[in-house]
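Structures incoming, each one as structure tokens.
One chain, chain A, links the two complexes that follow: it is found with chain B in the first and with chain C in the second.
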Partner chain A sequence: MMIAAVCGVVSALCLVAACKREERGLRVDPPSSARVNSKTLSELRPGNVQPISAPNEFEQNAFAMNEGKRLYEWYNCVGCHAHGGGGIGPPLMDAKWIYGGAPEQIFATIVEGRPNGMPSFRGKIPDYQVWQLAAYVRSMSGQVSKDASPSRDDDMNVKKPEQSTEQQEPRGTGGVPKSAERPQ
Partner chain B sequence: MNQLWRSTSSLSLRVLLSILILCSLSLSLTSCSRNPDRSRSVQTAQPATQISQAGQIAVPPFANVAEDGQWTMPAKDYASTRYSGLDQINTQNVRNLKVAWTFSTGVNRGQEAAPIVAGDTMYVVSPYPNILYALDLTRPGATKWKYEPQPAAAAQGVACCDVVNRGAVFSNGKIFYNTLDNYTVAVDAATGKELWKTKLGEINRGETMTMAPLVVRDKVLVGNSGGEFGVRGWITAVDAASGKIAWRAYNTGPDRDVLIGANFRPFYAMDRGTDLGVATWPPDAWKIGGGTVWGWISYDPELNLIYHGTGNPGPWNPDQRPGDNKWTSGIFARNPDTGEAYWYYQWSPHDLFDHDGINEQILLDMNVNGQPRKVLVRPERTGYVYVLDRTTGEVLSATPFVHITSTKGVDLQSGRLIPNEEKTPVMGKVIRDICPPAPGGKDWNPSAFSPRTGLIYIPHNNLCMDFEGVEANYIAGTPYVGANVKMYAGPGGHRGEFTAWDAVTARAVWKLKEKFPLWSGAAVTAGDVVFYGTMDGYFKALDARSGELLWQFKVDSGIISQPVTYRAPDGKQYVAVLSGVGGWAGAIVAGDLDPRDQSAALGFVGAMSDLPEHTTKGGTLYVFSLP
Partner chain C sequence: MSAPARSGMSAHARRLVRDALRACALACYALTTAACTGSQSILNPAGPNAGNVSRLWWLMFYVCAAVFLLVIAFLAAALARTRRRTNKLTDAPDTEPDAGRERRMRGVVTGAVVVTVIILFVFLVASFTTSRSLYALSDPNNLRIKVNGQQWWWQVEYENDVASQTFKTANEIHIPVGQTVTLRLTSSDVIHSFWVPNLGGKRDLIPGHETTLWLKADKAGTYRGQCAEYCGLQHAHMAFVVVAEPVEQFNAWMEAQRRPAAPPANAEQQRGQQVFLASPCVMCHTIRGTDAGASVAPDLTHLASRQTIAAGMLPNTRGHLGGWVSNSQELKPGNRMPPIPLAPEDLQALLSYLESLK
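What follows is the complex of A and B.
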């Protein structure tokens, strides 16, 4: 009996410990696209105005990020950025962000496109799917909750799952845009 | 570093006639002796091309002309030999080569171009933004002028494998080349003034242009890139004087679009029929089926035929395009004046592995079974060196030059590549150890042929891959691939090889191992020196007969371009090469890719994770000479 009780307590404790998991709202509203572009690309802010930012709720939501992962293949993001390592486009799993690594900056990059080859998907991808993609993109560099981040690949093993990717804090607008490589 | 090794047992050897074996023996015997009385400095070059020692192989008469010391087209001549008759720099003195001058292209992306030399001027075209520089050879390194076409920056987003350009061409006082955003431009070679600029493609359909044009009389022949974007491949002739489109031939679709007519006589039954460019595809898939022309074109003036390959079918995932997918991954012979097709041969019917068919074709005259034949030699992505009769398209031989698991040979009766069922991709399943992988036994980087040694010098890969087909969605202007790929070194662990190939006996005479894949072309000279570069930045000179490394020089960045040699106005011989790593193989450095994802750069990063430890970005022209 004693042993059984200990086992029970231990397994209960295990269960409690394992209970840290995503908090899934029954209904999650994607952020409004109204605040997109509210964060600047420059760290220089004359007059010391602080940028406004709001979290992308999808970054706590496993379903939304798994949808983002599916859409990442579906809309051919994978063709240019591979599984985060990049190719035609820059890597998404590292700390360098040419046009900013905040959720709303990623949203803006997808919707508006960028001058050196990033297409504009405006009118092609619904806003809520862009937010799902933005949440997934940030999961590639380990910036979202581990408990909601995708944990496995169903295809060829080419990299660690997003959940196991070491967190890479975005470094400003760290990358050198290709335009800067142009001779003067 | 470079361990010389004789190639061992070759399967093809067993099927060769004893006569050929004897020939090969005599060839290797003569190749062991050095020519002792080679003159150190011969100003007046003799007719460059004589029959080789074995008497079995030679450049055709139309390419057998006196050396003028220039290098006016990337392939050197219409036969695409990349052979120079200059011999001031030779096996005895090449070890004394020194840097004469250098020049920065100002662009730190993959430099795949060949510098072009015409008269007293060198012309260099950079990767995107495709700046053309004219450099004064009478005042080494001085810029005469530069021409900036200012291509659309967005074109970078549809360039599959770095924003490269494979070079310009000089003809009749003009320089012609292509811009990444699909213009062919003509520039006055003396002044740098733009003469015309013609738009030929559309980046919003995924098209780019990266190839080097070929000029035949009044036609500038160009083609598109974009086989990873579901484009429809074409070759176009632009009038050299006006810039107007003279003709365009698509490589998919109905016969009238492909310019297949009454004179089309393919050698094999598999290529005969009506509208095969439609019938060998699922409905409408030919419209987004690839078959681009981003590689090399050769020309036989006697037959008045051009030869050009066609790129891979799209998407890579073969399950989405049942059928032979004509006319992708093959080769056309066409009339340059009209574009009309004369024959066609398909290297890879229903290509399974992204094996584009766009490599260089070296036009040679060769004895085959005692009969003189006009041939075309192609070291191909599939891993075989093909010898074709260039009058008919008949395959005379197809011999492996790398380790091959992907296929089981070429059936010379039907002409068909024999697939290996075990390595055939299935959607959703990972197929392992496919050799050669997507970039093939050899990619675009061209070989050279020396009529003095009778050998073809092939810079190439030793790579394999794992491949998983996944469903590809077609969205115009975005990648259309549908495959997860991971590449790695082939048997032996080295990733590149430099092979001296005897096309007569169909065997490797010698091979060098290289740490990284070879992504640079080769050039060979009458001084019996062969030049090439490595991705870790060594520019090398080998003895063309023995393969012995005679000289090497470490440049600032990896080499993926095409070396050339020329005689400057001061009468001296120079050797020039662009450094600047990139391209598909070097994308990890040029694009700052992340090696934790082995599928990056369409799977090439898996094989190149250590490249950033050996080289950084660059974009510099190096010119070498004897002191």
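What follows is the complex of A and C.
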């Protein structure tokens, strides 16, 4: 009886978690496609200030982060940041953030732009897509749940591909393997 | 029940049957004629490739129909014969096979096998020669068009050795009647397939690999094409039109397409252009002659010259454009254009501008 109840609860939890990952809204509700210039983000400051963290729901959603990944190319973030390794813009796959790595801080970076060459996308990207981009940007440095973040790349792999195994260190002392020592 | 009532009933029933039969006949007529005439039908070829394919199709149809009738005839004969023979059945087991019957049976089976092999061989040769004929059109010095399949629309680029003469459009391919055109096919996401039943195809569009298809139209007309390889949510709405037109008309069209977009002609269109340039539109679309130069979505430079929007899905009217721009996700769920809320006056101005892009 007890076991059955536990099983039920566990599978219900699994289901709930799985749903978030797979959820795929085809019809975006109009408010979330509003353009980003409606937001006031003035309380956010550059630098590694302690984030006022509101979780970005898209960080649990595989579809949304894949959309973010596509938009990262469509909106030519690739042109300046490459696939995370950086170029004109700083690398996004490392743990260092000039302007903070919390979801809202990345949101702010994209919308407002930053003084040393990061353009402002204010009014040019619908709100929900900025959140998708922010989720993808954070996934590059491995800050989002691994089971939902995009893990296959046509380009340099930022993270380990999902099927990869740990690299094996060669064991033993090297030299001739035992089986080859026997006289033939 | 009284007699008049009963006769009334049966007259009613008769009328019902007659109407049903009529409806069936009409439906059959409509179906067959639609299949043989439409703008998306392999049975209505408008060029050599589709002509060869449809000849092969008819050959197979007639031969298979004949085989089918023959099989049915033999089956009927066999059924009739057994019924006659049942009277002679006894309880004694039939241990001694009748030599004559055995010989006849062997003859029939051998004959059937021989006929089958001959028919298959005829089909083999016919399909081989048809396949070869599809390549007979190849000619390196003709009009080259690059078609890039994307979820869920077609980018069409008219190539030219002079770079300034190339131009891009979407979902509508114009070709001159009587000339072979070379289509270079690729994809930027998943596998699609290019198919214009009246002219030719199918040929797959494969990411990272180029395939080639030659097309020639003998008859002027508008033909509908359709993606023929399942490619995701809106695969069914990934269509296009091919317009085959006389050479002079085609050249005039090409000249017009090469030109940048016409500048706004009045204050409203001017405002529409500003709305476009200040909106997310510029992140994805190109309008040549303006600052909008992104290339991940259909080129809108001559949008108003096209017959359809959204990859052959909707007729190109102001109403459909309005619905599309304000929330394309309602019309084609899952497509890659986000809904973009605009103030009503801005939307109207934008539509006027889009309609001016002749």
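To be clear about the criterion, the second predicted complex is superposed on the first by the 101 of 184 C-alpha atoms of A that agree within 3 Å, B and C clash if a C-alpha of one lies under 4 Å from a C-alpha of the other, contacts with A are read in each partner's own complex, and residues count from 1 in each chain.
Operating definition for what follows: a residue touches a chain if its C-beta (ideal position, glycine included) is under 8 Å from a C-beta of that chain, and two chains touch if they have at least 3 such contacts.
In this text, all values refer to a predicted model and were calculated from it rather than measured experimentally.
Peer 1: May I ask you to decide whether A:G89 touches chain B, chain C, both, or neither, giving the answer as first, second, both or neither?
Peer 2: In the superposition, A:G89 contacts chain B only.
Peer 1: Figure out whether A:Q129 sits in contact with chain B (first) or chain C (second), or with both, or with neither.
Peer 2: After superposition on chain A, A:Q129 lies in contact with chain C alone.
Peer 1: A:Y75 in the overlay: touching chain B, chain C, both, or neither? Say first, second, both or neither.
Peer 2: A:Y75 contacts both chain B and chain C.
Peer 1: Chain B or chain C: which reaches more residues on chain A?
Peer 2: It is B that touches the greater number of chain A residues.
Peer 1: From the superposed pair, tell me which chain A residues show up as contacts to chain B and also as contacts to chain C.
Peer 2: 74-75, 124
Peer 1: Considering the complex alone, what residue numbers of chain A touch chain C?
Peer 2: Per the touch definition, chain A meets chain C at residues 26-28, 30, 33-35, 74-75, 123-126, 128-129.
Peer 1: Tell me, which parts of chain A touch chain B in their complex?
Peer 2: The contact residues of chain A facing chain B are 73-76, 78-80, 82-91, 93-94, 96, 113, 115-119, 124, 155-156, 158-160, 165, 175, 178-179, 181-183.
Peer 1: Which bits of chain B are touching chain A when the two form their complex?
Peer 2: Within the complex, chain B contacts chain A at residues 105-109, 129, 131, 153-160, 228, 428, 430, 466, 468, 470, 472-473, 475, 477-481, 484, 486, 587, 591-602, 605-606.
Peer 1: Contact residues on chain C for chain A in the complex?
Peer 2: 233, 278-280, 282-284, 294, 296, 327, 329-330, 333-334, 338-341
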